[in-house]
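Two complexes follow with subunit A in common, the first pairing it with subunit B and the second with subunit C.
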Partner chain A sequence: MSNSYTSDILKPFKLKTKQQELLIRVLILCLVYILAFITRLFSVLRYESMIHEFDPYFNYRTTLYVTQHGFYDFWNWFDYESWYPLGRIVGGTLYPGLMVTAALIYRLLHFLRFAVHIREVCVLTAPFFASNTTLVAYFFGKEIWDSGAGLVAAILIAVCPGYISRSVAGSYDNEGVAIFALLFTFYLFVKAVNTGSLAWGLASAFGYFYMVSAWGGYVFIINLIPLYVLVLLITGRYSMRLYVAYNCLYILGMLLAMQIRFVGFQHVQSGEHMAAMGVFFLMQVFYFLDWVKHMLSDTNLFQEFLRITVTCAVAVGGIALGVGMASGYISPWTGRFYSLLDPTYAKDHIPIIASVSEHQPTAWSSFMFDFHILLFLFPAGLYFCFKRLSDATIFIVMYGLTSMYFAGVMVRLILVATPAVCLISAIAVSATVKNLTVLLRSKTKVAQIGSTKGTSSAKASSKASLDQSQPFQKNGAMALLFGAFYLLSRYATHCTWVTSEAYSSPSIVLAARGAHGNRVIFDDYREAYFWLRQNTPLDAKVMSWWDYGYQITAMGNRTVIVDNNTWNNTHIATVGRAMSSYEDEAYEIIRSLDVDYVLVVFGGVTGYSSDDINKFLWMVRIGGGVFPVIKEPDYLVNGEYRIDKGAAPKMLNCLMYKLSYYRFGEMMTEYGKPPGYDRARGVEIGNKDIKLEHLEEAFTTSNWIVRIYKVKPPNNRW
Partner chain B sequence: MGKFWVIFVASISILLPFLCNSFSPETPTDRRVLVLLDDFAVKSSHSSYFNSLKLRGFDLDFKLADDPKIALQRYGQYLYDALILFCPSVERFGGSVDVAAIINFVDSGHDLIIAADVNASDLIREVATECGVDFDEDPSAMVIDHTGYAVSETEGDHTLIASDDFIKSDVIIGSKKIEAPVLFQGIGHSLNPVNSLVLKVLSASPSAYSANPLSKLSTPPSLTGSAISLVSVVQARNNARILITGSLSMFSNRFFRSGVQKSGSSTKYEKSGNEQFLTELSKWIFHERGHLKAVNVKHHKVVETDEPALYRINDELEYSVEIYEWSGTSWEPYVTDDVQVQFYMMSPYILKTLSNDKKGLYSASFKVPDVYGVFQFKVEYQKLGYTSLSLSKQIPVRPYRHNEYERFIPTAYPYYGAAFSTMAGFFIFSFVHLYNK
Partner chain C sequence: MLKLKTGEKLRPKLFVANPQIRKLSKEMAIPSSSAYLFLLSFFTLSLFLAISTAESESELELVADLLALQSESKSGVIHLDDRTIAKFLTSPKTPRPYSILIFFDATQLHDKTELHLRELRQEFALVASSFITNHNNSNTKLFFADIEFRESQSSFHLFGVNSLPHIRLVGPTAKSLKDESEQMDQGDFSRLAESMAEFVESRTKLTVGPIHRPPILSKTQMGLIVALLLISSPFIAKKIFAGETLLHDPKIWLSGAVFIYFFSVSGAMHNIIRKMPMFLVDRNDPNKLIFFYQGSGMQLGAEGFAVGFLYTIVGLLLAFVTHLLVYVKNAKAKRVAMVFAICVSFWAVQKVIFLDNWKTGYGIHGFWPSSWN
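Up next is the complex of A and B:
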């Protein structure tokens, strides 16, 4: 009685199977959304709510500027605190998407009366967009396979280390929003191709616009999509849907992208964008031919016509490209683009690109580290894609393969490959699990049906089961399911461990384990920048290697000579030359640049290995690339880089060596080692008696990581 | 009680100018001079020189060089504006004074006169070396000149030199021509070639050399000819001025008064040039002449008067600066036609001579170049004898804002026309296509 009563009450709430499934799906998506956000908060827990690394400091500074001065002042901002004395037109040399996004979130929150600080917004922008990416991954997976694959893709991408490395809280960089924009654009484009709808095409154009405004990686989109279209054309999958989708994206996307000042006319002039334009014209030719074919009934006549048209089109295209290149109207490919196609290019020609650690070719271990089981699921997913070939799966296969190639060329591009790898792996996981469960459930279902319907159909059903099943099929499926469960749980464990241990370090505050296992924090960078801010004149110019430029301007609020926006190679080479010259020669350069302070990063006391001495050879190479008086062999002994007694004399007396090791010879760093023992390189330094003539030590941080020197005025009586 | 306060304030206000009449950027002439001597006899034997200084208002404080009470500064404040070292043989100064203290004294903007002599002590040599000149290393060497000597009673003594090879600068040695040669007897020195600030004011003739006059010349002398400097001056970068000479007797009453006849010349002067030369030189050393100041550096756009925080490319701007010269008692307008302003970023983009209004105001107007960056207005005025003016003022130059370009360009009208006609055409086409079945 009571039982039926409660069931009556619950009746309106009772859901059909479809609704239940929807509820579960939404619930899972919500959980994934939250998971993607909170797993990225390790860095805040471990350290504090702070901006990480180098470039994010510039982004933070510019965001601060947007919120304080408004968009138009930001758009026209001429920053005279960097690249002294050249200055930098900030508005025209950056991708404003990230800053504008953060500023809008900040405005929105303030409109809702949440009085948050802009720093908190910046810190949490990347996790927020990572959460959004999981949603996009779900819809994308649904579009190319089914909703199950979408769900798995959302889960995989939520914790994938390859993505987390660039989107932890505090990693306020373009990539944080750009991966979202990239995947979103791809999703919208695939949707447009699948539906042939102008509305989706328009949406993908806007997605592309957001991507262009956020990151230089948009070049990947504008090359991948034409390539995809070309492949579809060649494989005979040309359709009206494709025509609508591509033309809409290309024309509107191009017009929108040209509104970003940093891109501007590059979008129609530079070599990287020519493929998209070529494919656009090719599509028109295709459409025209299609029409002609439709009009002409005679096949022979059409073949003749086809030959003439194709020859003419190719000839005209070739001539146009040749004339454009020769007249300089179409600019050649940039060095970065070349180095993607030919990994050895940068090493031979552009040391400034090769010097950045994230531009190095990827080691196998980092693939394993960033993808874990996805590395094995990826080929399996490709297999499934090829098995069920459609326009959408062709797209994801091409995206996966090209981005995997780029990930192999440059470490940082693992990031671009991550969504593709997650999606394709998700297809593999979803398809496998689905097949297995279908197997399991069909058997039980058959048994159930058999039991309920009685003996009449038992014979038929047993026959069917005999037909399709091998021995131990059910057990095998169970074992495989458990295997998949085990692998996926290992993946989750691995991702969490990587996030907490490797990718949550802000790299501006260093942590180490002390002798007793306790955690030691080196906060020397901020100590030094704060010192600069408090103790130097407002218009003081600080010279340092370009890695620290953004941080000095953002945290120290002082003018720098060069910074991480490496747009002027000569200027950087001048600094490299000063650092690798003898002190009196360097003094001339320093005076000509009006430098007041010189800042070096030194890890000899703490054993911090990414310091200026270890970067020094790049300064020599970059300096020598422009000023041939600086020769790399002068700093090497038999091709070996040394700093001990056997080091080259020029090495022992160059400015960088002197500034790094000034008074270091008096210092005991490790018990049982001689004074002046460099812990970062594990040797006793070769020149302990360093005297400075034109510079004087102004400040050294508590762990000696940052050393600041003041440039003395010229001698009064000489 | 109130009355007491009035008297107190009044007395302070009366005393204040006297308390503050020492060296300052506003009145650059020195006031308080410390004279260090080997022997108080010098005070009387060189009284003419000292008297000429006293007459010009200097407050001379005579001390023996080894007096244990001498000090250049007390409580971080310098007690003197200038120092005269007439103590060539002192081995060690008294009190807290040493070479470093003297160098610091100069480096904080104070003036110095050094007179060495034969057998000059290492201490004096060291001070001189710090100032960029090297005395002959042979302690008994003197400057000898067998052709340019001064005719005197003792035949064959060619160490008394009559020199008239002056520096050609009215600012340093005065505009009145020094007719009579200057008598010199003492040790010679050479200028350190590395030092770009030291100047030879009186140099020896090409036939002079530096050697011990009593011994036979066995090795070639290290210093010969016009490389030998008899009197040199240094103007340091902070405009402190230093005079260095190897002859203390130059300043003596005897040399001031004696007549002079240069060998080989028939003209005999009643009075040597020493008094005029050294007095004029001391005017320069003590900043009574050749001291410039630049004030009121201003720049603004042509039609405006306020100084902007930054300029835009192609702005028309005006730059002005006022330059005055110290006459010894007051600031007079400095009139010349060779002051130039640079608009500088790594190299001068604009170099323009400033025009002046004869009242000390120098100005120029020019157009900002079509280059953005952090520029400097630079005036680097370095003229022989004058204090160097080195003004630089940083000013960023920004490019055009997005709305400062021309909105419509005449040459682009065909494109505007094309765009609008396409739009109109598309509209008509759609209309016809949709409703004309």
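Up next is the complex of A and C:
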């Protein structure tokens, strides 16, 4: 009785099935949106609201500059604090999208009278855009498959570790907004291809513009889309829709992209962009042929004409490319691009690219770590896509496969592959679950629409057409469904754990487990940078390995010799040479660079393994690449890298060794071990009696992680 | 965590993936003491004889002999043994008119792939032949030679060589073969023939010139391929015009796609770039093979393929169950296949997750409210 009574009251609010479905869908999307944001806040909870890592410090510094001085000053900023004595033209050597976005958000918040600090905006930019990415993923999934797949894709990408790795709060890097821009551009383009509407094409051009302004990875878009168009042309799927979409994107996108100074005329001149131009002209040829075919009634004549035109077009294109290359108008491919196509290229030719830790090739465990069950679902998703080939599914398959290949070449490109993997896996999940639930429901005939059992996606598409009409064994369907949910729950657990434990560390503050299981925080980096800021002259120049350049300028506010923008190999090699020479030779180099302080990072006391001694061979290698007096074998003993008594004499007396281990021989680091026991490498050091002649210790942080040395003036002067 | 900075923990060697320099004394059978004595006495005797004869020979004759030996061998690497070492190296007065670069070889270690002896020997021959052709057979300053362990053990002792791979340059002035000749470092042959040539150039002040690598396909093979292409081209053209090439078959595309997927996730690219071997031999127990390498960021060949295979099979089983199995008429067969698919998938997923946890050393767990414990 009470039942009927409540239903009477609720009657005006009673929704139709369609409305219910919409409500649930919107609700789920809202929850996913929030989830994507809050799961990235682990880093703030575990540490504090701060900027992470290396590159983000530069981005933060420039954003600060934008908000303080305005856009045009930023655009024309000459930064004399980095790359001393060369300096850096900041406006022309960065992708401004991220900084401008953060500055706009900051302005907007202040306009709305939220008095937030710019740092908070920067810290939360990446999570905010990650949330937006989930929405894009939903619409993208809806476009290529159905709304169920869209929802699943949104959920998957919200917590996928491959994406979280570069978008936790505090990771204020280009990739944070770029993945959003990337997926958004792709979505708009696919939408444009599907509808053939000029408006969507225009939108995709603007999406592309945003992507170009945000990240160098736009090269992926400008090569993938032509490739996709080419495949459509080859497989006979040419249509007016494609013509409109591609031409609009290419012409407008190109003009817009050229407004970014860092890209500029590269867009029409560099070899990396030539594929897009070639396909553009090919499209015109196709259109022209279509028109001629329309005009000519005789098919034989047309065949002849076709042959001649295609041959001519290809020949002209080839000649143009050849002339362009030969005359130097079209620049050849850059090293980074080469190293993607021929992965062994970088290792042999460009040590500076090969040395970066995120440019290492990917092992299977990294895939597992970043994708977890999505890896299992991916082949199934591929299969589903091939079963229902359309322009959109061809696109997602191509995106998935190319990015997967690149992810295998470089660890960092897992990030680019993540959206595609999520989408394709979402198709697999959604289609499977949909098939299964439809079968279950059609058997039982007890349509419990509001029941909590079925997944959202299944509900969302419950009345949609069946992929398979053959009845399943009910038990089998139940078992499979259960298995799928179990897997998905494992995925959620995995992602949460990975986010919390592995991807939330800011790496500028280090955490370790103490002897009693408690957390120990090492805040040595900031200690050192603040020391620099407060105890050194304003115009002091600090030399360190390039990894720490951005942080020193941003936090220490002092001029550095080299930093993470590794554009000048010679300069870096000079620093590498100084670090790997004997002290008196190094002193010459240091004097010539006008250095006042030398900063080294040392993990021997704490057991911090990514310190300068472990990176030292790269300094030798990069230094040796430019200055052949530095030879790698001099630092090795029988091909082995050692620092103990058996180490190479050159190793034991080079500047880096001396600066790292100065006075370390007197120190007891671990109970039961001799003094001078290096905990990062687990050996007793070979040279305990280190005397410095031209440098003196200025400051060593509390855990010895950062050591700063002052360069003495020449002897006969004071 | 990924970060834009120099990667730590660099492995110092580029080429030799896991250089296990074998101690020869452990690996090789040491001759019994009597035989050893005999060898030694024979060696001294031969040395004595060699000295007495060498004095009568002039330097020019030695060079002529070397040239003759060089022209006898195909690659230009002279095969030396105890007797000839004595003849060309120990007995002539220093400074000798030539340097000799010696490759220390041991046939019984050729099957130890991690030493790359055979490969290095080929590269060495390449340097030799390139050097000779670049100088039109007329250079008498540098000769390339190799010594085999079994037949010239005493020479190995003479040079103090107890580990392989080992390449040594005996300069014109070197009196004591052990102390005054120069050993080529691991780093110097890490980049194969090119770096060997650099070593030679830096020590002897002779130019080696460009390395002439043999083309990957010999001329006859090329001819064969061209002929095949020519013959098949009309058929292919016909097919293309008829529109029934493999390119028009989605199944081919699908298998290609799955292959690319497999290739990527199995870390094959990692293996190619890092030149990882398929498996390692346990250092402590040479009979045991290591297939799985503990530690993230590194992997062995076989392990990647195994895991990639597991990934792929689960995905394909899912597709198979939802798209193909439904067409099977027999309910029993259907049921069996379902159970089979579920079991295999369960096993594969469990296996991969277990392996991943083991490899990375992470224990992944959920975050439940603390009151639940």
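The criterion applied here is as follows: the second predicted complex is superposed on the first by the 680 of 718 C-alpha atoms of A that agree within 3 Å, B and C clash if a C-alpha of one lies under 4 Å from a C-alpha of the other, contacts with A are read in each partner's own complex, and residues count from 1 in each chain.
Just so it is clear, contacts are C-beta pairs under 8 Å (C-beta built on N, C-alpha and C of every residue); 3 or more make two chains touch, one makes a residue touch a chain.
Quick caveat, the model's predicted, so the values are computed rather than measured.
Taken together through their common subunit A, the two structures put subunit B and subunit C side by side without a clash.
Legend: residue contacts after superposition of the two complexes on their common chain; A:Pro379 is shown touching subunit C, with no touch to subunit B.
Applying the stated contact rule after C-alpha superposition, one finds that A:Arg166 touches subunit C and leaves subunit B untouched. With both structures placed on the common chain, the touch criterion links A:Gly476 to subunit C but leaves subunit B unconnected. When the two complexes are overlaid on their common chain A, residue A:Asn638 makes contact with subunit C while staying clear of subunit B. With both structures placed on the common chain, the touch criterion links A:Met368 to subunit C but leaves subunit B unconnected. Within the superposed three-chain model, A:Phe78 lies in touch with subunit B and out of touch with subunit C [touch as defined at top]. In the superposition on chain A, contact is made by A:Pro714 with subunit B only, not with subunit C. When subunit B and subunit C are set side by side, the one touching more residues of subunit A is C. With chain A used as the common frame, the shortest Cα distance separating subunit B from subunit C works out to 25 Å.
No residue of subunit A lies at the contact with subunit B in one complex and also at the contact with subunit C in the other. By the touch rule above, subunit A contacts subunit C in their complex via residues 53-55, 165-166, 234-235, 343-344, 347, 355-369, 373, 375-384, 386-387, 389, 397, 401, 404-405, 407-409, 411-412, 428, 431-432, 435, 467-468, 470, 472-473, 476, 479-480, 483, 487, 490, 493-494, 496-498, 500-503, 505, 507, 545-547, 564, 609-611, 614-615, 617-618, 631-633, 636, 638-641. Interface residues of subunit B facing subunit A in the complex, by the touch rule stated above, are 103, 106-107, 130-132, 194-197, 234, 236-238, 240, 242, 310, 345-346, 372-376, 394, 396, 398-399, 401-402. Those residues of subunit A that touch subunit B in the shared complex are 72, 75-76, 78, 80, 84-87, 89, 539, 592, 713-718.
Residue ranges on subunit C touching subunit A, taken from their complex, read 1-10, 12-14, 16, 19, 21, 185-188, 247-248, 250, 253-254, 257-258, 260-261, 263-270, 272-274, 296-299, 303-304, 307-308, 311-312, 314-316, 318-319, 321-323, 326-327, 331, 334-335, 338, 342, 345-346, 348-349, 352-353, 356, 359-360, 362, 364-367.
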